[in-house]
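In structure tokens below, several structures.
Next come two complexes built around chain A: one with chain B, the other with chain C.
Entry: the complex of A and B
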């Protein structure tokens, strides 16, 4: 049977598409998911962010942080075109809790435990790839900086001499850098985090690694040890446990940067959770929107991403949605053939309408035509293919993916229709 | 009191500084940003012989060829050969016979150019059949009549400025980058006697007395002269280049734009570059950006000969303003590429000189003429110039073998070969830094092959005042990743070397990101947009910068 004949069809296999597929399965539907290739989700830092701290992530007084819900409310106030603003329910703590808990449980069942999410709390502490402290709504359990008290903590930061783009920031956390030369042969190649992760998945290699790190940290009285996010694709918890046992310090990984290993772990967990849920998955396939429309009667969820995912593209000056050729909107107006310099401004940080480009949807996540009518009753969009927000500046890529994906899946299954 | 104050740190300013300092003059050089930020660094990076000027300006061709040969001797590490193909396209009115006659004519024309090739160690031209062309360069359109080759050279034009400045400093010159001239001083007789300048980073005001002031500010020179009541006649021309993400061939290829102008696609370092536009420019050269229509014009011209370029990934643009000599009533491409040195004694600013026009390839000879003129203005007669025989810093031969260095220091070989290309004989000294700090063996920029050791070497010894200066020292941020991989690491090394606190380090990173954004913005399209989204994710998702992320005490 072709995927086009499935009861519910999801296009896109990043966080939003998977959340949609899983929530539709949960509602008792049979789901097929078509995926071209890993996209932005596979480059995730490992943190799930709901909304940015209104004054920036870098917190001067960590004990007086706003809650995640307060961050979200500030974001919605500042950008009324944001997908969170469209979905009234996204502002309700109960709904956020429901969507996040659902997705995080599925990821844990897929082998990747995450920190608990609570919208009424500021989130947990984590360390960025540049060695700075921040909060996250949730993240992979290995990133959680547990029992952190800024007044008492004594943090050591491990840098691997052979790791490309490990922890790179200004002397992090006050400068207690522990240089670790591993693998230590003089002409060993420089490795990407993913290559190091693969090495550390071998037990012998990880034992040597743990010995070297423990020896380097010995007697320095660290309460917390932060490592680069390279501790295996699969054996992360074991390696951290061994380190904690030997050092008596809280050990965690920093969040990923470019070439992120946590992103690869997340991608793996998504695949496994789809398998467990019995979703039919077809990878490496690009659908022709016209064929989809012709063949299908049942619901479709479009979760094809933005520029990285390939759901939205600009080709020789024309903006387009790539599967169905839908018009592209930035939250204020339609974008078609304007030159790049008119869709952006001189300041790097923006705001740039080019990076808010995507579909315009209604409160039921249905893409709208230029006359403001939904294109189809059961055609939904989820994740960053929806326009009107800049996921990178707003720091809410996975948050929007979880909330809109969860909702789109339930809407496609016939739940939640107001 | 110094002998000469030079304003402008492009190839002319730094070239004049070197020559004057080597002749024993005391020299101060003032540059409002960094070396090569104007037309020099934003040029086509070719020290070509100027085959284009053979019919109209044979003197420019001869001088360019001769000086291209000298540059090969004084900076052998920095130079790279670019063999060109000049494809003969079909479709001349009159049919195939005329096409063939045109091919013959081109061959004869380049045969004349061959007479200049020995001056710059170039190979003689050759006529190639279509099959031979496609074997060398499969992307060339299938219906060509043939091609004729010609041999040219390229150079890292930023570094050419930098090493001229460093050589001047070795000979006693004082360098002030990020310093702007606020006022030119005169004595009672109205003679120019120095300048008042302000350091833009520290705010310090410098009062510099000098016997002569040289205006080598390129596109800014008419404005600089005007403020002294003097005149520099110039017809500035904007030139834009488009950069592709990879070196698509080892050969340069010449093509024609829609308006018939000659254009080229050349392999340049790790990328391919399409150039160049030439349009009269009336704006502020300090606020220069390429535009989408210039990008489209260049891609159209390139795809005329290389059709697949339409699908290539454009990673960035760059733009500069040529300080061309003024002539009224002809089009931009026909303007002479000759140069002129103006002594402002006759128009109200005795003691001040300006330079207009010229080519990158002829900078050394122009600097020589300029210093001759300075010595004359100072009441002496020209002394002897040695800039054509004395190697520039790093140019002492034999150059080190990169593979042997890589083995010896445990550094990756490709990055080490890029280090030898940029640093020449100084590569070993740079690698010595890894003895004390083995972490500096790591490649920081994987696009352009920059080792930690090279970055620290530049920061310590190459007059780097801001993080963004590294763009001009070692191609930081030039590659397809747009700085995604290197900017933070380079920023933290810079902050460490300069002892900057975190806020200032973040500020330096912002300035660098802004500079790179200016290059990329006009060309954001296709696959590059995905990279841009990823890069933004890395640099913008942390929210507003500048707030303090340190967790306080205990550390």
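Entry: the complex of A and C
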């Protein structure tokens, strides 16, 4: 069966596309998914964020954090063009719980357990790749900074000698840095997190590593030890268990940074979830929008991503959607032919049209034409190809992907009709 | 009068330059083209003139966003222990960090002889960098360098 003839076609294989494919399969449909190459999801940190702290996590006091639902409501008030604002149900705790639980269960079944998600709590603690303390909606289980009491915690941060992408910046809460000279490699000038992860998947190497870390932390009285996100591609849980037993401290990985290994783990788990669900997957393929429109009667979900995924790009000076050539919107107005240089501003947190560029959609996630009409009854969009928000500054990348992906899949399968 | 003698002297000096010194210099350089003199001067530092093809390629080669996904998916690296083989992303990054002497990239290519031309790295690249072309381009450059007499195989950048 050509993917174009599938009952439901999903274009794009990041978090949004996979969430859509899985929720459509759950509703009993036969789904095909086409992807070009890894995108932003494969470079994510390991954390899912629903919405950010309204004033920024670096200003937050650890013991008085708002709930995630409150953060989302603040975000929607500040950005009326945000996808969360369009989907009325995104403000309901039950719906958020449903969408997230669905995706996280699939990931766990695919071999990558995550922290429990509840939008009514502030989220769990985690440490970023620059050593900052923050909260996340959910993360891969290895990132959770459990039992964290800001008044009593003594934090040790492990740094590996030649690891690219290891922790940078001062440790959180006045903690201590523990320099560990492992691995000692004469040949390679630096090692990527995935290289070290592969090495630690070998039992002999991980045992040696645990011994060295335990010796370096002995007698320091740490309650929590934060390690760089390199603890094996597959054996992360085992390695952390060994470390916790030997050090008697809570051990966790920091979130991923450059060349993120957690992002690769997520990409692998998404692929396994698609396999388990029986979705037909084609990789390395870019679809021609005209061909899709010609051959298809059935539902299509476009989840082609934004700049990294390649769903939104600059062609001949102005921004365009790359599969169907649809017009680009920033949540307030269409970008038309404005050159990309005119769409930015000085402040990092300012309202950059460029970084909110994407499709305009209605409350049923259907892309709209310039006359505000849906292009097709069963043509949906999900993830960062939708405009009106900045996944990075707005701190909601994977959150939007999960909520819109889950919903788009169900809409494509005929559920959740208006 | 003094001025007149000064002028005549200047003309004589010019004449000596034009009729004797410059022609003798040209005779000494006879047989050596401008290009070969350029190569003699710059090849030891690894600098070669760029062909039109190389110019066009440089633009396409510079999209790398340093995600490292090529390294992770490379078959040659999968079958070796990470510490024993060079970095594939290092070649692409080294290329974009180098001047036209490709100094950083040459070292990376030498550490990565195991490339057997499958296309897994290019399939994994989010921004479609033509990685295999870069490796070929640098290897060709190294061959051309080695052919220039006195270039010491392009030893301008060696640790």
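Everything below uses one rule, namely that the second predicted complex is superposed on the first by the 404 of 418 C-alpha atoms of A that agree within 3 Å, B and C clash if a C-alpha of one lies under 4 Å from a C-alpha of the other, contacts with A are read in each partner's own complex, and residues count from 1 in each chain.
Rule of thumb we're sticking to: contacts are C-beta pairs under 8 Å (C-beta built on N, C-alpha and C of every residue); 3 or more make two chains touch, one makes a residue touch a chain.
These numbers come from a predicted model, not from an experiment.
Taken together in the superposed arrangement on chain A, chain B and chain C clash. Shared-chain residue A:392: touches chain B; no touch with chain C.
In the superposition on chain A, A:316 contacts chain B only, with no contact to chain C. Applying the stated contact rule after C-alpha superposition, one finds that A:198 touches chain C and leaves chain B untouched.
When both complexes are overlaid on chain A, the residue A:258 reaches chain B and chain C alike. After overlaying the two complexes on the shared chain, residue contacts for A:43 are found with chain B and with chain C alike. When the two structures are aligned on the shared chain, A:70 is found in touch with neither chain B nor chain C.
Of the two partner chains, chain B is the only one that A:152 touches; chain C does not reach it. Using the contact criterion defined above for the overlaid structures, shared-chain residue A:308 touches chain B and also reaches chain C.
Of the two partner chains placed around the shared chain by superposition, chain C is the only one that A:284 touches, whereas chain B remains out of contact. Superposing the two complexes on chain A places one region of chain C into the space of chain B, and among 78-86, 96-104 or 132-140 that region is 96-104.
Counting contacts by the rule stated earlier, residues 43, 187, 189-190, 258-259, 308, 310 of chain A appear in both its interface with chain B and its interface with chain C. Only residues 65-69, 71-72, 77, 81-87, 89-90, 111, 123-128 of chain C touch chain A when the two sit together in their complex. Residues 37-39, 42-43, 183, 185, 187-196, 198-199, 258-259, 264, 283-284, 308-310 of chain A are the ones touching chain C in the complex. Here chain B touches chain A in the complex through residues 289, 291-293, 296, 310, 407, 410, 412, 438-439, 441-443, 446, 481, 484-485, 488-489, 491-492, 495-496, 502, 505, 510, 513-514, 516-518, 521-526, 529-530, 532-534, 536-555, going by the rule given at the top. By the touch rule above, chain A contacts chain B in their complex via residues 40, 43, 49, 52-53, 55-60, 62, 128, 130, 132-134, 148, 150-155, 159, 161-162, 164-165, 168-171, 173-176, 179, 181, 186-187, 189-190, 223, 257-259, 306-308, 310, 313-317, 339-341, 344, 346-350, 354-355, 390-393, 395, 397.
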